[in-house]
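Have a look at the structure below before the remarks.
We just call them A, B and C in the order they show up, numbering each chain from 1.
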Amino acid sequence: QDSNAPAFGKGLFNLVGKDSTFSMKIGFRMQILGIANWEEGNNNDLVDPETRFMIRRSRLKFEGFAYSPKLRYKVELGLSNRDISGASEFTSNAPRYILDAVAKWNFYENFDLWVGQTKLPGNLERVVSSANLQMVDRSLLNSRFNLDRDIGIQLRHQIDVSDNFVIREKFAISQGEGRNITSANLGGYQYTSRLELLPFGTFKGDYQGGDLQREPSPKLMIGATYDFNQDAVKNRSNQGSYMTIDDESGFYSTNISTFFLDAMFKYNGFSFMGEYAHRDAKDPLAKNSDGTLTGDKVQVGSGLNLQTGYLFKKNWEVSGRYTNITLDQDITGKAPENQYTLGLSKYIAGHKLKVQSDISYLSLDAGKDELMFRLQMDIHF
Amino acid sequence: QDSNAPAFGKGLFNLVGKDSTFSMKIGFRMQILGIANWEEGNNNDLVDPETRFMIRRSRLKFEGFAYSPKLRYKVELGLSNRDISGASEFTSNAPRYILDAVAKWNFYENFDLWVGQTKLPGNLERVVSSANLQMVDRSLLNSRFNLDRDIGIQLRHQIDVSDNFVIREKFAISQGEGRNITSANLGGYQYTSRLELLPFGTFKGDYQGGDLQREPSPKLMIGATYDFNQDAVKNRSNQGSYMTIDDESGFYSTNISTFFLDAMFKYNGFSFMGEYAHRDAKDPLAKNSDGTLTGDKVQVGSGLNLQTGYLFKKNWEVSGRYTNITLDQDITGKAPENQYTLGLSKYIAGHKLKVQSDISYLSLDAGKDELMFRLQMDIHF
Amino acid sequence: QDSNAPAFGKGLFNLVGKDSTFSMKIGFRMQILGIANWEEGNNNDLVDPETRFMIRRSRLKFEGFAYSPKLRYKVELGLSNRDISGASEFTSNAPRYILDAVAKWNFYENFDLWVGQTKLPGNLERVVSSANLQMVDRSLLNSRFNLDRDIGIQLRHQIDVSDNFVIREKFAISQGEGRNITSANLGGYQYTSRLELLPFGTFKGDYQGGDLQREPSPKLMIGATYDFNQDAVKNRSNQGSYMTIDDESGFYSTNISTFFLDAMFKYNGFSFMGEYAHRDAKDPLAKNSDGTLTGDKVQVGSGLNLQTGYLFKKNWEVSGRYTNITLDQDITGKAPENQYTLGLSKYIAGHKLKVQSDISYLSLDAGKDELMFRLQMDIHF
């Protein structure tokens, strides 16, 4: 039988509609993950290994243009239990099957208007697709501070300063409670602005883990995001838990702002990604209408993530990561955490077929230290 | 790259199996919706705008024939949270992912036997696909009275009275509790009969909003449905809430009948759709086994929906709608509602790529009036 | 239009990636089922027919190789409510959408290593796909004793003893709590070993109901499975209910072993399938930490299933089944059950398009006898 599909890793289908009236690339992927976790025992030894195996992520992805090349779209659906979890009364008690469903209209020159649900222009690490991670999964900084996906509009623009120097600007107004919400907006809207500088020009790996392109010259992206969630009702801006008050009859709301500074550097197989995050709130302590504390607290504080790797011959990569999370202990009651991760990846067919492993040591200023080993296989059509 | 797919709006794939052993058209669509809602304040002004944004609907559709052209099928899957909501103990506590899954066997001349789950031959507005609506969404009449989908069998037949005059008859026997039920049938079955007269011949837009075909001669369909749900256990026949009795240890059941009279008219860009609905029940007041009232009431009463539109040049359409809902106030305790809607649609590529907007004023004889503005974008491959 | 798809029943797509870098067969199927159930009344007559109709199963299946023909994979997704039910706190409260997601690596000669979630090498009847059953559904033995799917690794090997005689060995280590678990492993792992003898050579119908191949010479597979679930926390090994203790604050765990002996015989339209199952537990009575009984019991005992059929001309098949379930009554409190089933199938296009019916009489040593009639239609692309 002759080939009737793209090469492995390039999608299952690359549809081109009659008279070039639309295009659609359909992709599918899955990650099979195993985890072992040890906790520090009473004698400082590691005990009680806890294990788990799961289909960590599995996705269907549809993207291309519709009717006109100026109208692009992306739809991504989650299939695994972890992908679609998070049903609540705010999502019609239904699983959160749709990850992305967004239309992108190039309405004028370098300007694009996005409408729908997709990732906000938040921290770099979050916007790197889970298909293209350098380690088995994202860092603790991301899980504590990321802005994830939301529904609304985004305005995106690019300035070509010189032959090489590129500036990208991204603005978003969104509902501010995360993805797949079907009920009415609580509190106010969320406003996100991001600026990206690419002083040595654009590069394929700007939002990709590792330097699989082995860039022949140094490449850099520096980005900064400022996010303002007006009257936010969840304890991590548009993420985390709803802060209910008065016996769950209402919601506490306060302004929450999140700031990210991040950078991606690639050169000759070497890669570095760094992120700093800071969250603040007007009044982080949730209160009932009578002024008593509910116990909920906005998770204010800072995080730092530094990650680097080198791609050896035959596409073996060794990577290292240091993550520090320092929430405001007076408010949140949480002591600082430091995590040290060593990763080993074999990219059999780039990010499309790879086996990744990492080992992490989590040091808690209060509480028991933990050691975690993970092994994951990715197949992306 | 050469075209390998149908034109935009004609499906992602039009499969034809080897030796013409099957066919399948695969379609995909999504609707991105924004809503703002104002309620009448104390000084008769409109206050408190409530907003929401969501992926209103997103669907995958498969249809064609299997093995023989006489055996057709249709499967439609919902992807959005609103599409798949409604999990209950009666649906195995699982989301209602499947909308349609029906086999259609043309067993003799003009006779078709349908087996499976699909829309009942109820009111016209309901059977118009949500992909082909004239306004952002269906009317209040539909939400209060429609028969939606159910599982069972349908017998369909067509009489060609003359060259032009066509009569269609549709009969259904179904379980009577709505779609995706996995538990045993409660109460009796549901029997639906529908008769349709097309005095000026069949026309493509009989079940489609707006006159996008700009019919050169007047086209009309008049239909009537009578539905009898024996020992129905839900308060809107096969829709609404279960009427439980005796501390949820059993169900109240009564015979519920629903009658629809509807018409669709199209001519030269002008379209009119009208519907009258009436629901009655043998004993609409739910009672425990000891005869005391449970508080549940079958939603008996009437509804009227009149809707019209004109398609201007460049496929801009202005439409208007009047809806009246008059439930039996003595029984249901609900006062009449009147809703006035003005719609504006831009059909960029027919119903396949369109932007629709409407503004609705809801006048309640009792309670606060409401104003609603909606804006929606549809992309249908 | 020319054919662009495989023949009916051979998949919707048979993708071959550019430069043969991957392959994927995509299949879709659905089963529409009706059931009527009568229970023995006080005068030994059958009363109270209970009916139900549902989309029993509907699946999407993806299989082929990725990157290298030595790396095969299979993914199967459930669509119907019965397919995806079973959400719990252990599945992230999300529906169990993924059935199979497994990579199969042929790493050396006849050795294959499987990683991911798929069926364990348990009893024959379970491993026969629900697409290829001889009767409307599997037997009571299967529902009481089968090992279903789990996540982990499997090692598979084949010995070609002679030109005809083939031995297959299958070993699995899995998490031991069933499919789609996202939380950490409770109790210990599950170890499954299976040996299969095919004294007259391999045959296409070894894992298929009925002899649709009308084997010209006798074909036989004899298999035995021994499964050991260390510190199992569910009352049917990796299936059934979790055995909670101490007011749901913990889990009772005990070693559970399951043994199967099964055989499949095919010749000239005649088929026979037999299975014996036996489950035992170290201590089948669940106890709280203070030693008091929780009321949960491991379902220990035996089952026997004998099933046969003959395929007449024009692909009508008559089949018969006898099933006996004898749980340990002292422990489980359940009396023996005997079920007698008579089946009639019309294979219009093999298992790909068929109508099946069966009638079953369930005789309970204690309790009321039951009669069940089922009618099902299958369409498999």
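Simple rule for what comes next: contacts are C-beta pairs under 8 Å (C-beta built on N, C-alpha and C of every residue); 3 or more make two chains touch, one makes a residue touch a chain.
Not measured: the values here are computed from a predicted model.
**Student:** What rotation angle takes the CA atoms of chain A onto those of chain B? Round to the nearest 5 degrees.
**Tutor:** Between chain A and chain B, the superposition angle is 120 degrees.
**Student:** Validating interface symmetry: for the copies chain A and chain C, is the fraction of residue numbers used by both over half? Same or different.
**Tutor:** Different; most numbers are used by only one of chain A and chain C.
**Student:** Distance from the CA centroid of chain A to that of chain C, rounded to the nearest Å?
**Tutor:** It comes to 38 Å between the two C-alpha centres.
**Student:** Hey, what residues on chain B touch two or more of the other chains?
**Tutor:** In chain B, the residues touching two or more other chains are 95.
**Student:** Write out the stretch or stretches of chain B touching chain C in their complex.
**Tutor:** 14-22, 24, 62, 66-67, 71, 73, 75, 77, 91-98, 101, 103, 115-117, 151-152, 175, 180-185
**Student:** Name, in rising order, each residue of chain A that touches chain C in their complex.
**Tutor:** Interface residues on the chain A side: 1-10, 12-13, 28, 30, 32, 37, 50-55, 58, 79-82, 84-87, 95, 348-349, 352-353, 377, 379, 381.
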